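Below: a set of structures, written as structure tokens.
What follows is chain A paired twice: with chain B in the first complex and chain C in the second.
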Partner chain A sequence: MTEALVEIDGVSKRFGDYTAVTETSFGIREGEFLAIMGSSGCGKTTMLRMLAGLEEPSTGEIRLEGRSQKGLPPWRRELPLVWQSLALFPFLSVLDNVGFGLKMRGVNKAERERRSLAWLQKLELGEFASSNVMQLSGGQRQRVALARALVTEPKVLLLDEPLSALDAHLSVRMQALLRSLQRELGITFVYVTHSQTEAFSMADRVVIMSRGKVEQIASPQSVYRHPANRFVAEFIGNVTILRGSVAEVGDQSIRVNTATGSMTVSRGGCAASHGAPADFYINADQIAIGSAPQHENHVTARFLSHKFIGNMVTLFLEVPGIEDDLKVILPERTYDCLGLQPGDSVVASWPSAAAHCFSGAKLSAGA
Partner chain B sequence: MLRFARWFGWAYTAYTFVFILAPIVASLVFSFNADRFPALPLTGFTADWYRATFTDPLIIEAFQRSLMVAIPVASLSTVLGFCAAYCDYRFVFRGKSLFSLLMLLPPTIPAVIMGLGMLSYLSRINIAGEIGAVLISHVVIALPFAMAMIRLRLAQMDDALEEASWNLHASPAQTLWHVVIPFCKQSLIASFLITAAVSFDEFAVAWFVSGLNETVPVRVLVFLQGQVSPVINAIGTVVFSSSILLVAMGMAFSGVGKAKQSGAGGSPA
Partner chain C sequence: MSSNTLRRRWPLLLPPLLWQLAFFLLPLLFLFVISFWSISNFRLQPDLTLKNWDFMLSRSAFWSAYGHTWVLALGAAIVTTCCSFPAACSLAFTVPERTRKLALMFLVVPFFTSYLVRVYSWQAFLSDNGIVNALFGVLGIDPLPMLNTNFGSLVGYVTLSLPLVTLVQTMGLAQIDRSLIEAAQNLRAGPVRTLFNVIIPLGKPSLVVGALFAFILAFGDFVAPTYLGGGAPPTLSNLIIDTTKSGQQWPRAAVVAIVMILTLVATSLVAVRLAYGRRK
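This part shows the complex of A and B:
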């Protein structure tokens, strides 16, 4: 693994009795787009504020290119942040907003204006240089905030939910802009968001946090396909979690006895021993629905309801003996052909490759 | 019923304004009346009383003195008011609520008590009767107004604004100069104008501490004690006009009735 550009080493943050971030260590690689995702109060914004120096970690330290940032006030750090509220200066023109960071670094006026204008043009805001920021639209202000943070050509850019105030359409366009900008500049982006769509569509790696702890750090694909634990699986929400006990351990797969019968689960990396309790998950989009089983694992279930998500449909099935509904995601066309009515009995089946133990779980009897 | 309530509301408001403004309007009207005594019917138009006002050296001197007090008072209270307001906005410290209470206390103290207190204190440090005594007393009286106005503006400032400035390499001092003060600029101007008006109009405390250095309101009283002259109407009109002008300008700058700008956020306010 390459040397991390930013190292977060044993960092925790307490506010009085409240622990916002419990001891956390991970590295941020040079040139990557890292999304920190979690629900509100999970510590993701605190983590970002510690990087910017707006909060001092209670323990541990943060290093940028190997240099400890400990005790360094925000105005001596090279970690510009794009605020959720944007925090543009309402009394300055667009050009002066962008040039603010350069002015504070003592860059002369001519040079400042040249560089600010170049950034505004790059973000298609050249014509607004002398406008007041209050006159711009939401998307334009967003780009001014980006230009203001990027004008000093930092190695790392921090972004705190910058798209949450935009409407869906504009947000998608900004996501594309951010992604291409990040690729083109080769700057490391650390992007905090609660939105799975934003994180998955832009990030190279995703950090999933919950209650001040990092639950998983992986590529969006592996978070989606191989959630590390129950929390991540439920947070992503594309799987059904079943519980059973290990009956048989094979090379590639294990057999698990559940309340609805015995099932084959692909083993992945987990160490399993006979008789151990086992949680496993079934990917919702790999389950087939029909009147007869089409794969080796199958259950008979009752169709409860469905929910459209664009061209896909999520079905909720009741399976005797398991608490949660079995979630199935089907293309809308397929769902239409089935012609299901609530209450209908169906057979849901899936290959063993669709079911996994949580990566990193140790399924031994004593655990 | 609703219509009656509306009508009553308007009538009541109008009545209140008439009640407040009638004496001032009377003074204004009689300041241009040729007759020596303020009585109806009006006998004719004259500017004599204004001529008399602006040729009386005692009155001119009082006006000059009032300005000499009002301008430094306005500057000093605005600067100190900004410091106090920013302190209250930015920092959490022990005894903060006591500090805020003390800052806002002076207008609640009866003017006579305040004047007496000021007189006994200032004479102890041997400046009672000097122009500086009026200046100090007026700063004490005007400061709470300045602080309140500036604090109100600071409350509209997005917390992230200062942090954004630090994040862009501005030290706290640079942030104060390049971000906080420009953000408060209008309220600083408003505060300057309104504290100037407060000082210009203040009578009771000035009467106690001014000695021979009479300000305009004190001069007016002395004038009234000696004689009943229509000149008083002219002085009153000039004083009232300048005060109302200062206050109106102050309100225009403080943005009363305008949409507030709290910082340029993602969504239009």
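This part shows the complex of A and C:
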């Protein structure tokens, strides 16, 4: 990680007895779009505030281009933040809001207005330059906040759930805008969100946090296909987790005995030893449904319910001996052809390549 | 509240309405009427004459008292605002909420003692051989006359309005959205620039309303200019006392009172526009 632009080194943050962030280290690469994702209270916003200097880490340090930011007040840092509440100045015009950062840097009025206006025009807000920010719509204000943070041409832009107040349609358009801006400018974006859709659609890498700790850092694809642990798998929610014990260890795969029978699981990188307890997951979109098994692993299950998600349907199946419902994702048309009624008995089957051990797990008898 | 509930509950509004009518609006009307009456044999005589208005408004003594009162009240508003602001800032931004609430409660404590007593006790500090001048003597500084000067009046005015103005400012500043202050700092505004570029513009309503309170209280006060300012040159309140004492000139005093009320109404309108007016 020599190319890390920002290094977070052993950083933790305590507020009294409450620990918001625990001993966290990772690097942010130059020019990447990094999303920090987690449910509320996981420490993602605290992490962002520490980057901006609004909170000082309790331990560890943050380095920007190798320079420690320790003890540096927020107004001496070059890390503009786009607030969740936008935090636009209500007493200033749109143009003066955008130019605020330049004014604080001592840029003269003519130059300030020229550069602010250029940014407003780039974000299609030129006609609103002299308006009051309170007269703008949510999406327009959003872009003003973005222009205000970008006008000083920073190396890193911090964004704190900037789209959470927008309706779904507008949010999708802003995601496209943010992504293309980031590519065009080559600025590093650090984007905090609780939304999987936002993180997955924009980010090059995703940091998944839970209770002040980093659970996984990887590309959206590998977080989706290879969750590092049970928490990430449940958070992403596209898999069913089964529990068993290791019966046989092969080169490519292991055999695991579960309450519903023996199954083949692809081994991936995990170290496994005979007799060890093993959690593994099955990707919901790689399971086939029918009256007969179509793959080597199969269970007989009872169809419980389904949920539409656009052109895909999530099915919930009850499998005897398994606590959680088996989740299956099928294209809507395939589901339609099956003509299932709640209570119907079906056979769910999947290839061993659809089942994985958690990439970070060590399946040894002592663990 | 919907118009329907308002219609059903209007009797609840009766007591304050009647009170305002009986003890504010009617006396005000009476004051206005009296200003057109005349005095004969030291008795009020119903009349319809402009003599009193003509007499007061044509005298330079009235206008110099008016100017003096205006300048003193403006000075009181400025001095009180400046004295309160640092305290209000630290109460609003730096202390925890519990401490702030406690401090706001303590700000009410001065009102437990009579204003007159507080002003009298200042005499012990400000008189020529009072506590301050005694301290000056120890430090080798020549004694300064402070009692019976404009400075004395100002001390009295500040005593009167400081707790109230601090209260108003603190409540106003505490409502400022913290993320705006953080946003300014994030955009490289240091503490001083944040103060002038963000906190003062956002706190403007409470600063102006606080200053207006100080102005109104000082403009009508007669205790401070009498007992600390020495009554000379007279303020409008001193003038009212003098006018009623010399020959029972209630109609002329009424003229002064009405001019004062009109001045305060005009000042309040200007101040409210300044406080809440939209900036271009």
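Basically, the second predicted complex is superposed on the first by the 365 of 367 C-alpha atoms of A that agree within 3 Å, B and C clash if a C-alpha of one lies under 4 Å from a C-alpha of the other, contacts with A are read in each partner's own complex, and residues count from 1 in each chain.
One rule holds in what follows: a residue touches a chain if its C-beta (ideal position, glycine included) is under 8 Å from a C-beta of that chain, and two chains touch if they have at least 3 such contacts.
Quantities reported herein were computed from a predicted structural model and do not represent experimental measurements.
In this overlay on chain A, chain B clashes with chain C. In the superposed three-chain model, the partner touching more residues of chain A is B, compared with the other of chain B and chain C.
Judged by the touch definition given at the top, the superposed model places A:Leu166 against chain B, while chain C stays out of reach. In the superposed model, A:Pro74 makes contact with both chain B and chain C. Once the two complexes are overlaid on the shared chain, A:Val133 sits against chain B while remaining clear of chain C.
In the superposition on chain A, A:Trp119 makes contact with neither chain B nor chain C. By the touch criterion defined above, A:Phe91 lies against chain B and chain C together after alignment on the C-alpha atoms of chain A. In the superposition on chain A, contact of A:Arg148 is made with both chain B and chain C.
Common to the chain B and chain C contact sets on chain A are residues 52, 54, 73-77, 79-81, 83, 85, 87, 89-91, 100-101, 103-105, 148, 152. Within the complex formed with chain B, the residues of chain A that make contact are 52, 54, 73-77, 79-81, 83-92, 100-101, 103-105, 133-134, 136, 138, 141-142, 148, 152, 162, 164-166. For chain B in complex with chain A, the residues that touch the partner chain are 158, 160-161, 163-172, 174, 178-179, 182-183, 185, 261-268. Residues 177, 179-180, 182-190, 193-194, 197-198, 201-202, 204, 278-280 of chain C are the ones touching chain A in the complex.
Residue ranges on chain A touching chain C, taken from their complex, read 52, 54, 73-77, 79-81, 83, 85, 87, 89-91, 93, 100-101, 103-105, 132, 148, 152.
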